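Below: a set of structures, written as structure tokens.
You will see two complexes here that share subunit A, one where it goes with subunit B and one where it goes with subunit C.
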Partner chain A sequence: MTLDVAFLFLQQGIASGLIVGSVYALLALAIVVIFKTSEVPNFSQGEMVMAAGYIALYLLVFQSLPLWIVMPATILAAFAGAALFRRLILNQVARANGSPVNLVIATLGLSYVLRGFVRQTGFGDTPRSFPPVVEPESILIGQASVTTLDLVILATAIVVMAAFFWMFKYTKTGRAMRAVGMNPKAARLVGVDLTRIHMIVWGLSGGISAVAALLISPKVLMTADMGSIVTLGFAAAIVGGFTSLPGAVVGGFLIGIIENLVGLFITSRAIVLAPFLAIMLVLVIRPQGLFGGRVEIKKV
Partner chain B sequence: MTSKTTQVWLGAAVLAASLVHASSASAQEPGLTDKTIKIGMFSPLSGANMAYGFDVVNAAKMYYDKVNKEGGVHGRTIELVVEDDRCNANDLVSAVKKLVEQDQVFMLNGGSCSAAAVAAKDYVVRSKIPWVMLNASADGALYPPTDYIFGAYSISQYAVGGSVVDFGKQHLKAKKIGYINHDDAYGAWNLEAAQATAKELGVDLAVESINPNITDVTAPLIKLRAANPDMIAITTYAKPAALIIKKAHELGITKPIVLAVTGTANVSQLVDNVGSKDALKNFYVQDVLADVPGGSKIKWVYDMYKENYPDLASKPDHPQAYMPYGIAPAMSVVKALKDAGPNPTREKVAEALRTQKFDSGVMAGPIEFGPNDRAAQESTIYLKFDGNQQTLVPGSFQSRWKYKG
Partner chain C sequence: MPDLLELTGVSASYGRIQALSEVSLRVPEGRVVALLGSNGAGKTTTLNTISRLVPVTSGSIRFDGKPIESWASHQVVEGGVVQVPEGREVFQDMSVCENLEMGAYRRKDAAAIRADFERVLNYFPKLRERLQQRAGTLSGGEQQMLLLGRALMARPRLLLLDEPSLGLSPVLVQQIFGIIDRLNKDGLTILLVEQNAAVALTCSSYAYILENGEMALQGASDQLRRDDSVRRTYLGH
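Showing the complex of A and B:
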């Protein structure tokens, strides 16, 4: 490999990595925000993305609704669906038996229900393409080829993440969410409505998943199994530190860049392995993740 | 008195013997009676991969119906038991075991997904039951050859990979080919033949092997663009294939792209998934039929489909692209049953299959097995597809790979 080619690969790897990484970062954010407030990893996150994608596809392609209706409608539907799942199912499961394992199993159950539902509709039988929000014209940044759609994806993801961080830090609801994440009992004592906050957290996670679905669907073909992309969101969350929101974002970008550079400089075969090697490396060297706090030992 | 008793005993013995003889076939051979032969079929009939098998099964069924209407095989009508394998190895093995053990079929005619079909190899060989695949290539089950498994009626992966290189060299005059395959056994089979053919024809290969579940194909395509090949060959399944064609267009790659037959089950869906007909300006699709879909040589298959499935035929995207592939395997089963004679056994049918040779008139080349060959069909044609029309490229193209044992 000549130096010129290596430099081209480096530029392309970073550019492509930032673009897909921004979507992984959104997914990681959606995972971490739920984990931070309830200590439950949501194993239906991928299927929430998939279901949101199919809602948008149905409205856009099969109902011929304009994009300016489809986008908010999809985000709203995902928000409401996730919030209701928390309120109607997880609250009930938590009340019946407070073990977090049961909550995790319930999220797994949701993933099967959503996937089964999409398969039943018949829309998931064929890989389908989602129309892009902008026509993907090629652009050169340095020597790296990207498209206008890629830039829209990156910009939208950054705006959504910024809005989320602002809400989390400066609004009353955001502060209540942080309080629940730190100490739910103390938060309740000072008047925070835990049920409401949990619903909002799940709703936000659903909404972010819907944004991720709208961004990534034009780039990957849609199938009932497309939720597996969330594995990369989990990888990003673990690399960043499973309880750190900024860590989730950095983890997302890192995973995106690593998989592209590995594909370009080592072998295409290793693209899908790279995120998991990164997880293992982080877990061995820094088990709490890059931005996670110190490892705590809980007395049981 | 004595003679009367003897006569009675003799009569009883003759009657018993004739009864035993009459029922011997059905007693020894499961799924066989004097009037019927039970055949077990399996294929993906639901799920994301149903396009690989749903209409293939329908095609085979309509051919068996035709044979039954014409009097069956040696007076026996063909009964079918059909299972959904969802293109999944576990489901496929379960389906095969159910068909053999519970439904007691005489022989098997199924499998549209290669990787899944290979999983049933050991069980079928142990059970000594003849298995004629549908459109699965399943090279891993065909080589090394066994006495009971026959497949690749559409084409083997070895033939797919070699033929793409042959087409690149002969028709596109390519000296260097960018070759994208899966990084699994399926991809290894077609790559082995592509490398053997490339070596014989003096072609360079720049290979990128990708995971079938890959979602971002930028890296392999950037590497191929840097290698500057004269054409790009794609031998993946439909989903990565569409992503690659789309990304190649985004990256401004204008070299010819040749897609293997496994890369699309529906060309109109391919156009939708690629997103722009401009991406198909210099694009070829491999096919294994004797003519373009619906062409004069195979029009009778499409007419038969319309007659047998008027409701399906009126739906968009039907018949599915692989529909005609179901005819040749069904022809092969019927021919083997005929050749096995009026008292067929599983062994006789397997023996007939091992030396079978006939022209289906549907596939690009003859259906032919040999001592070291369990892949039925090894010829391909190529269609230039611009997003609207498919135009036949003259000639047929073959792999140079041979199983050496």
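Showing the complex of A and C:
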């Protein structure tokens, strides 16, 4: 490999990496925001993405609704579905037996229900493709080749993340979410309605998952198993420290870039290993993740 | 004086452990009432049933005449019952300023909130110098001030104080109780949980003593202070 080619690969890897990475970053954000406020890893995150994808597909292809209705409708439906799941199912589980394990099992249950449902309806039988939002046209940035669709994906992801961070940092509800994450008991003592905050957190997580679904659906074949893409979101979250929202975003971009560089410089068959490589590297160098706080030994 | 808070036959349990049985107490408006007892007697549990963090299995809790035993915790705060918990329950990763603002979470009267913010900083000048500091890095005494300030930001009508003197130097204990006294003189009703019976009996008008989740003794504070069994068990002389 000459230096010229290596430089070209580097540019292409970073450009493509940033684009898929932005979707991983969204997924990681959706995972971490739930974990941060309830210490429950949501194992149905992937199926939430998949279900949102199929809602969009249904509205667009079978109801022939225009895109400007389909997109907000899908995001709203995912927000409402996730918030209701938290309110109706998880609250009940928590009340019956507060141990986190049961909550995790409930999220696993939801993942099976959603996958089963898509299979039942027959939508999931044949892999389908989602029509792209914009006609993909090739553009050169430096020497890297990307499409207009890619740029729309990246821009949308960045706008959604910026809006989310603004909400989290500056609004009263965002501050209440942080408070619940830091100290749920203290949050209740200042009058935070935990049920409401948990619903909003799940709703936002569902909404972000829906955005991710809308962004990737044109690029992948949709099946009932497409939720497995969230594995990369989990990897990004781990790289970022699992409780850090900025960490989740950086982790997402990093994994996207590493995947692409591995594909270009080594072999495309090694791509699946890339996220695990990244996790191992980060865990060896910084066991708490890139942005995780100090490793704390909790005094019981 | 009418009772601002009235517990009648309140029982509570954690799983199979009965933590409170048939506890009754009254806090008249404008007074400081002390709730004493040794470790594990159920003092914190009593406050937590009032704050609706711990469910009651039987009995009733009335605040300002209204039954609140089935309310949610945020409704109690909105109603004006605010707890200062034991331990250092600040929002660690928020600034002192944000912690205080969180105290006013249920309020919407922006102008009055700003005025209360100033009032709290006048009570606790130390906090003014540290508004931008991360709350988790405050000293124990400063965190206790912050907790008290955060509770005041909610504009309570009834303040539930859980061992405000715990782990503080004698000077700080004096300072905290000076502030408690001032707050009460300004009209705030206070239910004070303490292990430091000497201090608690000095600044309260009436006191209850819990033992193993049951009300063992009650009376006017100055009488309890002279009571022989109380002196032996709780005052150590």
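Here is the rule we go by: the second predicted complex is superposed on the first by the 298 of 300 C-alpha atoms of A that agree within 3 Å, B and C clash if a C-alpha of one lies under 4 Å from a C-alpha of the other, contacts with A are read in each partner's own complex, and residues count from 1 in each chain.
Keep in mind that, in the parts below, contacts are C-beta pairs under 8 Å (C-beta built on N, C-alpha and C of every residue); 3 or more make two chains touch, one makes a residue touch a chain.
What you are looking at is a predicted structure, and each value in this text was computed from that prediction instead of being measured.
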Contacts for A:P66 in the overlay, against subunit B (first) and subunit C (second): which applies, first, second, both or neither? neither
Which partner, subunit B or subunit C, touches the larger number of subunit A residues? B
After the superposition on A, what does A:V220 contact: first (subunit B), second (subunit C), both or neither? first
So subunit A touches subunit B in one structure and subunit C in the other; where do those two contact lists coincide? none
So in the complex, which bits of subunit C are touching subunit A? 51, 53, 72-74, 77-78, 82-83, 85, 89-94, 98, 101-103, 105-106, 150, 154
Of all residues in subunit A, which touch subunit B in the complex? 5, 8-9, 12-13, 16, 20, 119, 124-129, 132, 136, 138, 145, 147, 216, 218-221, 223-225, 228-229, 259-260, 262-264, 267-269, 271-272
If you look only at subunit A, which of its residues touch subunit C in the complex? 172, 175-176, 178-179, 182-183, 185-195
Name, in rising order, each residue of subunit B that touches subunit A in their complex. 46-48, 50-51, 183, 208-211, 213-216, 218-220, 222-223, 226, 238-239, 242-243, 250-252, 266, 269, 272-275
